[in-house]
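Since the structure comes first, as structure tokens, the remarks are kept for the end.
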Amino acid sequence: MFEHTTKIRVRYGETDQMGYMYYGNYAEFYEVARVEMLRSLGLTYSGMEASGIMMPVLEMKCKYLKPALYDEEITVKVIMDKMPGVKIHFRYELFNEKEELIHIAETLLVFVNMANNRPCLPAPDFLDKLKPFFK
Amino acid sequence: MFEHTTKIRVRYGETDQMGYMYYGNYAEFYEVARVEMLRSLGLTYSGMEASGIMMPVLEMKCKYLKPALYDEEITVKVIMDKMPGVKIHFRYELFNEKEELIHIAETLLVFVNMANNRPCLPAPDFLDKLKPFFK
Amino acid sequence: MFEHTTKIRVRYGETDQMGYMYYGNYAEFYEVARVEMLRSLGLTYSGMEASGIMMPVLEMKCKYLKPALYDEEITVKVIMDKMPGVKIHFRYELFNEKEELIHIAETLLVFVNMANNRPCLPAPDFLDKLKPFFK
Amino acid sequence: MFEHTTKIRVRYGETDQMGYMYYGNYAEFYEVARVEMLRSLGLTYSGMEASGIMMPVLEMKCKYLKPALYDEEITVKVIMDKMPGVKIHFRYELFNEKEELIHIAETLLVFVNMANNRPCLPAPDFLDKLKPFFK
């Protein structure tokens, strides 16, 4: 298992007139958390794209347990439960400043070779960096 | 069963550098489609909020089958399979201009009395307008 | 002078907790209005990009006179005061459902040849379609 | 003069298919930078709203000098050139990771008493915290 935690503050533009973070904006929080998880391993998503591999999202699901409010610093925990293959699965747990669990989510992404637009395995160095966490 | 169809064109600001509609922006398409479904019944979500009932989202799940591309007019079909109670469930099917199914989703929302922030039943006229479709 | 009018409804996700359309979201309204103006001439921005010309924005300025509210259908008038050269200037006037002027804006864009990333003139057919309006 | 600097990384969802940060997303960067400037003074915008004062934007203008690219950490410098009265003016300078100036902007905001929706002066403690910088 590999875990990583990122803190993201809710912007004013991310709220809606209900006074909550708009339900469509959580997906961007997952994205930021995934990217920071990769960075913690010494990898960048921009580098991956530069090398010809992109990671579109195939599936997403989530539950909104409590609202995220303006200016709260949300703790986003990303969890990878198993080694990726052609597909990579992430779970997310979001906590507010009171450390209450406010949101859970999952996404399934696929590695795609941008040259032929087909699914592919991630680069070996990507897998090498993850292996120590899945023994 | 009650169905309604709305067409929404992908804006430039909704694309990302992959050249696809960003995966977080579909939620706004569902929202627009839900609101237009209500409007087709002679109801408005803004009127519902003005009457003291809001509809936060509890759960969402979706599958990205094919990308939605810039400037495509996406057909968003919303389906309500059963009469709402305190909660209301919607399914969505998105089609591109070639009439290919590109995305499916589901959301579960709850009616909330804004005065006490508690779940509640929708207004009787809301239910009355839906009943003919669920006999 | 060339004018075109588009109607765009304010989405829930575009509001903020002030209950207004978030000030950063107007730029997307200008973009939609520009694109629909081009379409009214039989041109598409996607076609322009496919032909190797893109139109990044160089300058923007705007005044927020009254708020745009959730679910209001905003009328966006785009005005081109003079024939474009390498740069193209647009003015915008936004009206709410009471026909009150709520917002004015201007943007300056530039035609860029995507092959060499340099400013360029728009395609001749683009200019030909505009000429009748600037005699 | 009062200055403050914030760093904000460009999210994938903020790019568009041109591969640049979408031109409408800069406004959110200004907002974050303003809020962090206030926080550096020991003030929060959420606290200001809780006390009954909001700060809608009246005017904005900006120039896009170079694109902001995905995953770049943008340095946003906010400058307040003079003490606010009923209105408050901010200038912004954005720099990319190569320390190139990529964007300049200005916004004019107004303090509004939420009880009567009329312009008002900011709270005395707000002014007190700023005074030392404007002698």
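Labels for the chains are A, B, C and D, by order of writing; each one numbers its residues from 1.
Operating definition for what follows: a residue touches a chain if its C-beta (ideal position, glycine included) is under 8 Å from a C-beta of that chain, and two chains touch if they have at least 3 such contacts.
Quick caveat: nothing in here was measured; it's all calculated off a predicted structure.
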- Averaging each chain's C-alpha atoms to get its centre, pick out the one most distant from chain D. B
- If you tally the C-beta contacts for C-D and for B-C, which one comes out higher? C-D
- Task: Round to the nearest whole Å and give the separation of the Cα centres of chain C and chain D.
- Result: 24
- Message: Could you work out how far the Cα centre of chain A sits from that of chain C, in whole Å?
- Response: 34
- Between chain B and chain C, what's the gap in Å when you average each chain's C-alpha atoms? 28
- Query: What parts of chain D, by residue number, touch at least two of the other chains?
  - Reply: 12-13, 17-18, 24-25, 27-28, 31, 70
- Message: Considering only the defined contacts, which chain D positions touch chain B in the complex?
- Response: 12-13, 15-19, 22, 24-25, 70
- If you look only at chain C, which of its residues touch chain B in the complex? 9, 11-13, 27-28, 31-32, 35, 44-46, 70-71
- In their shared complex, chain C is touched by residues of chain D numbered 17-18, 20, 23-28, 31, 49, 54, 56-64, 67
